[in-house]
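These notes open a run of structures that come right after.
Each of the next two complexes has chain A plus one more chain, namely chain B in the first and chain C in the second.
So, the complex of A and B:
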C-alpha cells in the first residue's frame, strides 16, 4: 500500500487551517501537524518530517519566507505550497524563487485549493 | 619375253622394296568388296595387326561402324588428288584421324585400289582447338559487349551465366557475390545442369569448398577430379566431376566467384582458365559499373525525391506562412513571441501594435518596452515571473496566479490625443516547448478596459441589488404606517429642497440657502436613523457632507448646486423604490396588521430602539423611562414633529448629555444614565417633556463655540446671561461636539426643531442643573382641529 502524504498546515487563522484540512480530506493524506506561527511551524516541521507543507506567509513570530528557507535547509525535498494574498504577487514570486513548489492565492475556493494541491503532488 | 619377265620381276622387286619402305601405311584392296589384298610394313607397325591378320581383313574393318557407308561411297568415286578424311581404329582400339589418298590399280589382274593413309590425328586436334579458341574469343567479345552495355545488375548476372553456358557448353555455371558482411558468398544466378538443384540465394561460407577457397585465397581453383580434392564439398546431389572456380576481383577487393562445373573429368584446361579469368575481370568491372550506375541511379532518385519533398515542404511552408500572416493580421489579441532573452520576435499580430500604440516592437526587449509604464519594483516582479516560466519546473498553471501582468493599468501618450489613453491590459504567457526544452514564450495581450469597466458596473449593480435586499430587510422590520410617515416626511423635505434649488440657486446663491437645504436633509437623516434605515441615513449623511464642502466656499455659483441636485434625485428615487416595496410589504402585512392600540405604541418603541442603539454605539448605559408618555394623547398633526423632536433630543442627550459609565461613577452617579419622556395635555395645549440626568447644559463650552462662530461680537456674548446662552442651542451652527458623525454633531437639529415648533406657534422651555440634568418642555397649541389616534 502507498504511504500517506504527510501534511503540515501552517496558518495563523484557525478557520483557514480547518478549511485546508477539511477540503484536502479526500486526498490520501495524514495531517502530521498544524501551527499558527512560524516558530511553532519550524518545531513541528523538525519533529514530524512532513512531505507537504501549506505555509501562510504573513504570520507572527517568524515570517513565512524565513520559515520557508529554514524548512528547505532542513529538508530540500519538502513540497511547500505558499498561501498568500492574491494581490501580493511579489511575495509569491519570492517564495517560488526560494524553492516553494506552489502558490495559492487567498481568498481561495475549495476547488482551487484541491486542484493546486493535486498539481503539487504530481 | 624373258627379258621382259626379268624386268617385270626386277621391277616387282623394286616395287615391293619401295612399297615396304614407305613410312605411311599403304593398303591395296579389292575395289568390289574392299578385301585387303596387300599392305606395307607401315600398316603392321601403325595398326598393330600382323601381315597375315591384315590379309584376312576388309578395309571397312578399320573404320567405325558409322563411317562404313561413307567409305563405300568414297571408294566408288576415288579422285587421286582429293584425300578423304576418316577415322581408323587400331588393333588396340585407339581411334586415329586419317587422311586417305587413293588411286585405281591393276593388282595381279584384279581391279584394285591403292590407298596411302596418313595419320592426321594431331593436326585435327590442333585444328579443333584453334577453332574452339576462335569461337571462345568471339564469344568473350560478345559477352563483354553485352556486359558493358548492361547496367542492371540482376539482368547482367543472368546474362553472364547464360551466355557462358551457351557459349562454352559447360555443364553448369554459377555466379556468387560477396555478402555485405564479408563472411559468405550468395548465389546470384545459375545456369545449366544445376539450375534446379541449387536454390537461388544459396550461401557459401568464405573458405568453404572450392568456391569458398577461391574467395578466401583470391586464386583460381581448378580440379579435374573433385573426388580427389580435399577442399571439395558436396552441397546437393550434384554429379560434378571437375570444377573451375574463379574469383571476381575489383582491384584488391573480392566481390564474388564465377564457378564452372562439369560432369566429366578433366573438363577444364588452361584455355578454359584463361577464358574464365578474362571473363571474370570483365564481369567484375561490369558488376562494379552496374553498382556505380545503380548507386548513381539511387542518388538521382533520392535527389529527385528530396527535391520533390523540398518543393512540397516549401509550398507547405509558404502556405503555412500565409496562414500565419493572415492570423497575425486578423487576430484581435496582441500575439507575440519572446525568446529566452525576452526579445520580441519579428512576427507579431497587427493587433499588438494597436494595443501597445507602437509599431516599433520588432526585436525589442520586452522589459524595455514596459519600462516607461511601470515602476522598477513591478518590472523586477515581471522579470522574476518570466524567469520562473522559462527556467523552473513549476507548472504554468501554478505560475499563472503569480503573473504580475495578468491585469495592469497602462497609459499611452498618443500623438493626436491631448490626454493620455488609459487602458487596462491583460497579458498571458505560455511556454514554447520543443521536445523537453523550453525555447521561449508565447505571449498574448488583450485590451480588457471595457470588460473591467463592465465588471465595475456589474459590481455597482450588484452592490445596488445587495442594498435593495438590505432595504427590504430593514423595511420588513419597520411598521408600514411608520414607514408611510417617514416617506411622507421625506417627500415633503425633498420637495422643499427641490423648490429651494429651483427658486434660489439659478443665479448662484448664498449660505442661507445652503442652510435651509441642510436642515431638510438632516431631518430626513434623523428619521431614517430612527427607523434603522441605515442605507438611507448614509445617503443623507453624504448629502450633508457635500453641503459642508460648499459651505466652506466664499462664493457660490449656480454650477456648485448641480451635485446637490444629483444627491436629491438619488434620494428621491430611493424613496420611490422604498415606496414600491412598502406597497408589496403592506400586502403581506394586511393579514396580520397590528391593533391600533399596539400601533400607538410604535412611536415610543421606535424611540426606545433608537436610544438602545445609539447608547451602545457611544458605549453608554441608559435607562429609558416612558411610563408617563401617552402616545394616544398626541394630536395627529403633531405626530411627526413630536417624533422629530424626540429623536433629535435623544441623539443630543446621548451624544452630549449622558456621561460614560466611568465618568458617572466618578461624579457619584449611577453607572446607568436616565432618559425620561412624558406627555401632559390640558387647557388646549399639548405638552411633552424630555429629560436626562447627564451633564446638564455645558454653558461654558457653548460660550466658547459662540465666540468662535463669529456670528456675534465677543463683548456682546460676554454680556449675555446663562439663560440666553442656553437658548443659543436652538441657533443654527452651534454644536458642542468636536466631530461629526451620522448620529449627531451637526448642530442643526435643534435649530430645525425650534423652527418647526415656532411654525406651529409653540414653544420650548429649557430647564437644567449643571452636572445633574437637562429638561426640555415642548408646548404646542392643541387646536382641536385634528383628532388624536384614540378618538
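So, the complex of A and C:
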C-alpha cells in the first residue's frame, strides 16, 4: 500500500495553518506536525521527518528562509513550498534559489493552494 | 507619503478581500489622521523598517473578522483566538504584498494584535499618518498607514 505523504505546516497564523490543513485534506497526506515559529518548526521537522513542508517566511524566532536552509541541510530530499505574504519577485527567487520547490504568495485561494501542492507532489 | 503610496496600500487591501472572500471591498477617500482615535475592536499592527520606516495597522470589528474566518475555515463557530489571529494575518498580508511595489528592503515585522477598544494606537509623532476607510459587505474597517 502506498504510504501517505507526510506534511509539516509552518505558519505563525493559526487560521492559515487550519486553512492549509482543510484545503489539502483531499490529498493522500498525513499532517505530522504544525509549528507557529521558526524554532519550533526545526524541532518538529527533526522529530517528524516530513516529506513535504509548507513554510511561511515572516515568523517569530527564526525567519522562514533561514528555516528553509536548515531543513535542507538536515534532509535535502524534503519538498518545501514557501507560502508567504512577501510576494515580491526577489523574495520568490531567493526562496527558489535556496532550494524551495514552490512559492505561493498570500493571499491564496483554495484552488491556488491545491494546484501548487499538486505540482509539488509531481 | 504620496498618492501613489496610498494606491499601493488600497490595491493590496482590495486584492486581499477579493482573493480571500471572493467579494470586493471598497476603499473610501483617504484622509490625514488627526488626534481623533481610529480604533475598533481588534487591531493588527505591523512595524516597517528598511527602506521605509513607520507602522501600518488594520482595525476592525469582531463581526467582520468572524465573517471572514467563517469563509476561510468553512465552519460556523469561530473562537476569540482565531479572530485575534486573523486581524494580525490581514495586516501582515496587506503589508507584505506592497513589497511588490517597494521591493525586498521594505521590511515588515510580525504582527502585534490589540484586543478591545484602545484609546488610540500609538504611531510615530514625526510622521504624518493616513487613514483609508475600507468597507466589505456591511462592515467598516480602517487601514492606517504611517510611513516616512
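Quick note on the criterion: the second predicted complex is superposed on the first by the 120 of 122 C-alpha atoms of A that agree within 3 Å, B and C clash if a C-alpha of one lies under 4 Å from a C-alpha of the other, contacts with A are read in each partner's own complex, and residues count from 1 in each chain.
Assume a contact is a pair of C-beta atoms (placed from the backbone, for glycine too) under 8 Å apart; a residue touches a chain by one contact, two chains touch by 3 or more.
For clarity, every value in this text was computed on a predicted model and none was experimentally measured.
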First, second, both or neither for A:6, with chain B first and chain C second: neither
Touched partner set for A:59, first chain B, second chain C, both or neither: second
Contacts of A:90 with chain B and chain C, given as first, second, both or neither: both
Chain B versus chain C as contact partner of A:114, first or second or both or neither: neither
Per-residue touch tally on chain A - higher for chain B or for chain C: C
Partner chain in contact with A:39 - chain B first, chain C second, else both or neither: neither
Chain B versus chain C as contact partner of A:102, first or second or both or neither: first
Overlap of chain C and chain B interfaces on chain A (superposed complexes): 86, 89-90, 94, 105
Chain A-facing residues of chain B, complex: 377, 381, 384-385, 388, 392, 394-395, 397-399, 401-404
Complex interface listing, chain A residues touching chain C: 12-16, 18-19, 22, 58-60, 84-91, 94, 105-109
Parts of chain C lying in touch with chain A, wherever the complex brings them together: 15-16, 19-20, 69, 72-74, 81-82, 85-86, 88-89, 92-97, 99-100, 103-104, 108-110
Chain B-touching residues of chain A, taken from the complex the two chains share: 86, 89-90, 92-94, 96-97, 101-105, 115-116, 119-120
